[in-house]
């Protein structure tokens, strides 16, 4: 078996009396799209937050390319090439779209203006931002200089997705990236995910949209009550099988 | 034709250079489920915010049971029986689930404790809250006293949906109520919407989930670039027709 | 791996986790622990500290600030801030004193007039915050200077002596001896007010609305709360509480002086923050504030008894405040 | 119906909407309008107000506060607040003066030592905020009392006279006459600093990170910004700016006095808020602060020239501040 | 100061603030006097000028310590009286320093500068100087603050009386109608306030040529404003205090004349009186004809005027405080 790019073993996270992750495992193989599905509150977001450094698990191990890593914050995961779109989007509401897209990776002017005066290349960042947004099919955007807080729910999500797709270098993690998106925009995001995979990056996709999941995933990780209870493939199981396992209506298949 | 329960004529709303609603109309007939679909940024949320008093349109007219109304804030719409779930959910993050469900409609203890000391009936509110949440199939909730900010995305949405379903008396408006919900929970919300309709209340449902829309809607209002460009029914048009009209790929049918 | 995980979970369960549960449910335990530590430490340094007489002195010394901080807490819970608290208290005390002496109004009426003025000043703040929609900081900064200035004008910058006032005005300064412990009526009023608002905040709809408004005013508005009314009620109530603090102040100083209170705003805000209420609104409560006020009182009194020189007392208080909040922070640290 | 709609849209386009666009893009126009109105009004009341000599005086009088408010703006942009600003400025000024006189250190070195101390004091604030994760209000309240206390101890509460200092220390007080207008070197330094930070905030990555951190610290962290570092850099930079303000203060008073600066915190925060920066972080900018500081300076000076009695000046300033923000609010009111 | 348990009687000193050099000096004087007299000195201070509550608190603490007596420079002369009454009930000797309480009999004794006299001396000096030079005065009055506190009022009114201006109500600043007064402003008694106030008054009336200041830091600030306007040579500044930097400023021509007070003497007398009381139970007596013990004022100037007794700055240097 190939070494997983990203692997989690026995992760646990509790909040007081609430158990968010309860000894969960996860494997992400090179070049694959791994979907993570599960009921609300199954611990999907908590699991990927642990992978991306946004929360520090109480116990368990995370391996990147087979080597143990301990991310204490999102920057460290990001530096290791893991790019994440959080369910809460993590945008700075007062900044505009371009600023948000390039947050933490701002581009400077060429020449001394950039190197000495550290001047940002606003024009270029705006142009690129406009390009990224239209790639996602967000055509209704009327003003690229709008602060993100004044965008519609879907537009805001598109900003977050565009950011991760543009900058991921090792793994891209997307937590419900299409939840607020329209049909067309949602399909664009699926295409974008495929593009990312075709660039050789594996992708973790959390989604409640079964047609999307079955259309795009190579493998499907099913989370239930804080644990991985099964890994299936779109070939081996049908959508209704998956839903039945996820909700506990059917027993999980034998462990792989 | 029957008088619409809720009707909007020529609503307009601008934000600086951005036109959010551009002379949009809407009719909601008694006892129907009206779906509103449209691209991201088409102005769906802005439109229903105007109906629910959360924004005051620049121009245009709103009629409730045929009589013009001018809501200056959400309380006035609520007092008129219009209950809304906003896309941003509008929950108080630090309060717990029961407090949020009953926010603004708290129940007091019976007897002098309630009437003189105005003491809240916390126990009853918690019990009812637990019932509402489990009706929505949110079974993973481990602690009914958790503050809403610590809930998962879907759990939080369930709180908002439960609130509107429990208290709507004339019209229920739901802005993407299933976006963050799991398959099972999403289906429960659809059932809940049907139940509300069966109680005789008309419902406006904004959703990007075409299967949901076509499963449940009586009529479908298609919004594009701030305007209503068509009203279709699941019988008259297919999903792909609807998507084509919505994205501008197909011309809208003749006005009804 | 599983073994380690099990071990880790169990270990947390045993002490850390349980303590956390306790603290999670009772956010006042942090400040309370700080208070207890401070009392124990000062008692060790100077045995006289932990005498009934001295402890009753501490309670007496914090009564006015605690009453002010109670109003301040309400406002801070709504994500506001009130810089005019001290000015309202002092102005109200001057007014009621002048009514009761120069104007010759019967004492109970003079008292009520003073309360009415405090309430009205709070209402002015509330009006500016909710109607003109100005930031609370700037509103109360403006009214602070206005009220202080009016205060000088009305009082002619002269102190009204308690001896010239009817007994009701200075009644708050009288004390019931309980052994060596002397409990003043002012302190009793203060404690009753704290009890009342602790109840109102957690057991009435009004309290829920205050928290919801402070947490996220837009969400509260969309959820159907009349946030304007809630805010107005909070500022007005706070004004009344400040006026009561003014009455207690007369009893404490046995006079009504226009020149006190310059430090009251910062002191009252300090008590609120030490008590664990967030300046960003929506989190905290009044019992914490009472403990916060007591912490400051204990520090002041304890340092003096410990024989720390005046020049170094400021230094020590600053340091202790920092240590107190660090300790509190450490206690409530729920690993996120 | 359509006719009405069209009409309405067009009507808005014509004036209201255009003005709104302008103001939307330039949030400093609100405070600027207030400033202009104030200047015009005072000029009408007393013709002497609008003379080059008097205007240069106003600039001179606000220089120290404006420099402090610059550092304060940075901190408030990150949703913090700094109550120790004045204490750091005064302590730094005392230190550099003592280095240059009693300690006999060469003037440029004494200056640098003073700057280093200010920076270090800012760094202490930053450390407590980012590492121990204490609320900025309580941190700076604690360090405020600590620094003021150290200040008394170090200076022995004695003023160091400018005449005893090397010329460099008081150089900031010297002025270049431009006609009747006297531009002091201190004011020039202050204006340059404002220019520098206006640039840094809107044209560098650091500036974006400051705004993002202040806007929503959790989101900024998740977006990959080292929010701890950003905050630390802001507090440290602010400390340095306060030390520069301390140097300017020496020039202004031709002495280093430990007894000034009690009002500096509130004054600097007032300037920031009048300039349109939100106390909740993430919104605003330094140019607004400069205008805010000038507004206060114009009020003070204008009221005195208008012959308003001292007792009523507080009243008038409070009222004017309220009117100023109301006007600003009205101007920027974008119907939501 | 924490040698408690030695059995020495506890004596308190409560000053207005602990940052003003005047009170710092007073404290140093009291400390050395306490060492000589063999008493245990406990010091307290208000946080800011006018902070009455901190002083009440200090008295409460002293009562709880069982002190034999204390000295106080009251921040609020009237409002402190009830607390002093309580101290008396506890059998303590109370001495007001520098500022009398109201009514003065509420304290057992007052050791103070006659502030009215201090103001009057500089007023007389200025009057003589202007008379000699044949100039008409345009006077700027730089007071403490808007609260009309007693020291502020007495110095201000004393100066005006000394200068020969009708002061109307002796207990109020600013009710005079004499046209020679160009204006009043407040300084908070520090350099910054002094400078800003002077700048603004000069804009209002550029012909100002005589400046009364509440204290020497305010005078130093005012001088800077005059210097920036290029008017420092034509304008005379008078002040009150006698702090060493102030005397330096007299020598340097910044201040024309200042009235020196003697805080060390106040403190020494106070400590001695309480020590005496502790031993013998005898209370101190007031200066004949006054309701307080006058610790003296001395006019310091290098431009002596006929008919006004004065010492020069060299003498001042030897006797200054701070």
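To keep things simple, chains are lettered A, B, C, D and E as they appear, and every chain counts its residues starting from 1.
The rule we apply is simple: a residue touches a chain if its C-beta (ideal position, glycine included) is under 8 Å from a C-beta of that chain, and two chains touch if they have at least 3 such contacts.
Here the structure is a predicted model, which means the values were calculated and not measured.
Trainee: Looking at the contacts, which chains touch chain B and chain D alike?
Mentor: Output, common partners of chain B and chain D: A, C.
Trainee: Compute the rotation angle for the C-alpha superposition of chain A onto chain B, expressed as a multiple of 5 degrees.
Mentor: Fitting chain A to chain B on C-alpha positions yields an angle of 180 degrees.
Trainee: Between B-C and D-E, name the chain pair that shares the greater number of C-beta pairs in contact.
Mentor: Ranking B-C and D-E by C-beta contacts puts D-E first.
Trainee: Specify the chain most distant from chain D by Cα centroid.
Mentor: Result for the farthest chain: B.
Trainee: Return the distance between the CA-based centres of chain A and chain D, expressed in whole Å.
Mentor: Each chain reduced to its C-alpha mean, chain A and chain D end up 42 Å apart.
Trainee: What's the distance between the Cα centroids of chain D and chain E, rounded to whole Å?
Mentor: 34
Trainee: Using mean C-alpha positions as chain centres, tell me how far chain A is from chain C in Å, no decimals.
Mentor: 46
Trainee: Return the residues of chain A touching two or more other chains; collapse runs of consecutive numbers into ranges.
Mentor: As it turns out, chain A has residues touching two or more other chains at 15, 17, 88.
Trainee: I need the residues of chain E touching at least two other chains; which ones are they?
Mentor: 18, 48, 146
Trainee: In chain D, what residues contact two or more other chains?
Mentor: 148, 152, 311, 313-314
Trainee: Okay, in this complex, where on chain C does chain B touch?
Mentor: 199, 203-206, 208-209, 211-212, 215-216, 218-226, 282-283
Trainee: Note which residues of chain A are touching chain B in the complex, please.
Mentor: Of all residues in chain A, those touching chain B are 15, 17-19, 38-42, 45, 87-88, 138-143, 146, 150-155, 158, 176, 179-186, 208-211, 225, 243, 246-247.
Trainee: Okay, in this complex, where on chain D does chain C touch?
Mentor: So the residues of chain D in touch with chain C come to 79, 83, 128, 132-135, 137-139, 141-146, 148-150, 152-153, 266, 269-270, 273-274, 278-280, 311-315, 317-319, 321-322, 325-326, 329.
Trainee: Once bound in the complex, which stretches of chain E touch chain D?
Mentor: Within the complex, chain E touches chain D at residues 18-21, 24, 48, 143, 146, 174, 183-186, 188-193, 195-196, 199-201, 203-204, 217, 220-221, 223-224, 227-228, 245, 248-249, 252, 322.
Trainee: Write out the stretch or stretches of chain C touching chain E in their complex.
Mentor: Those residues of chain C that touch chain E are 48, 53-54, 57, 60-61, 64, 149, 152, 156-159, 161-163, 252-255, 257-260, 262-263, 300-301, 304-311.
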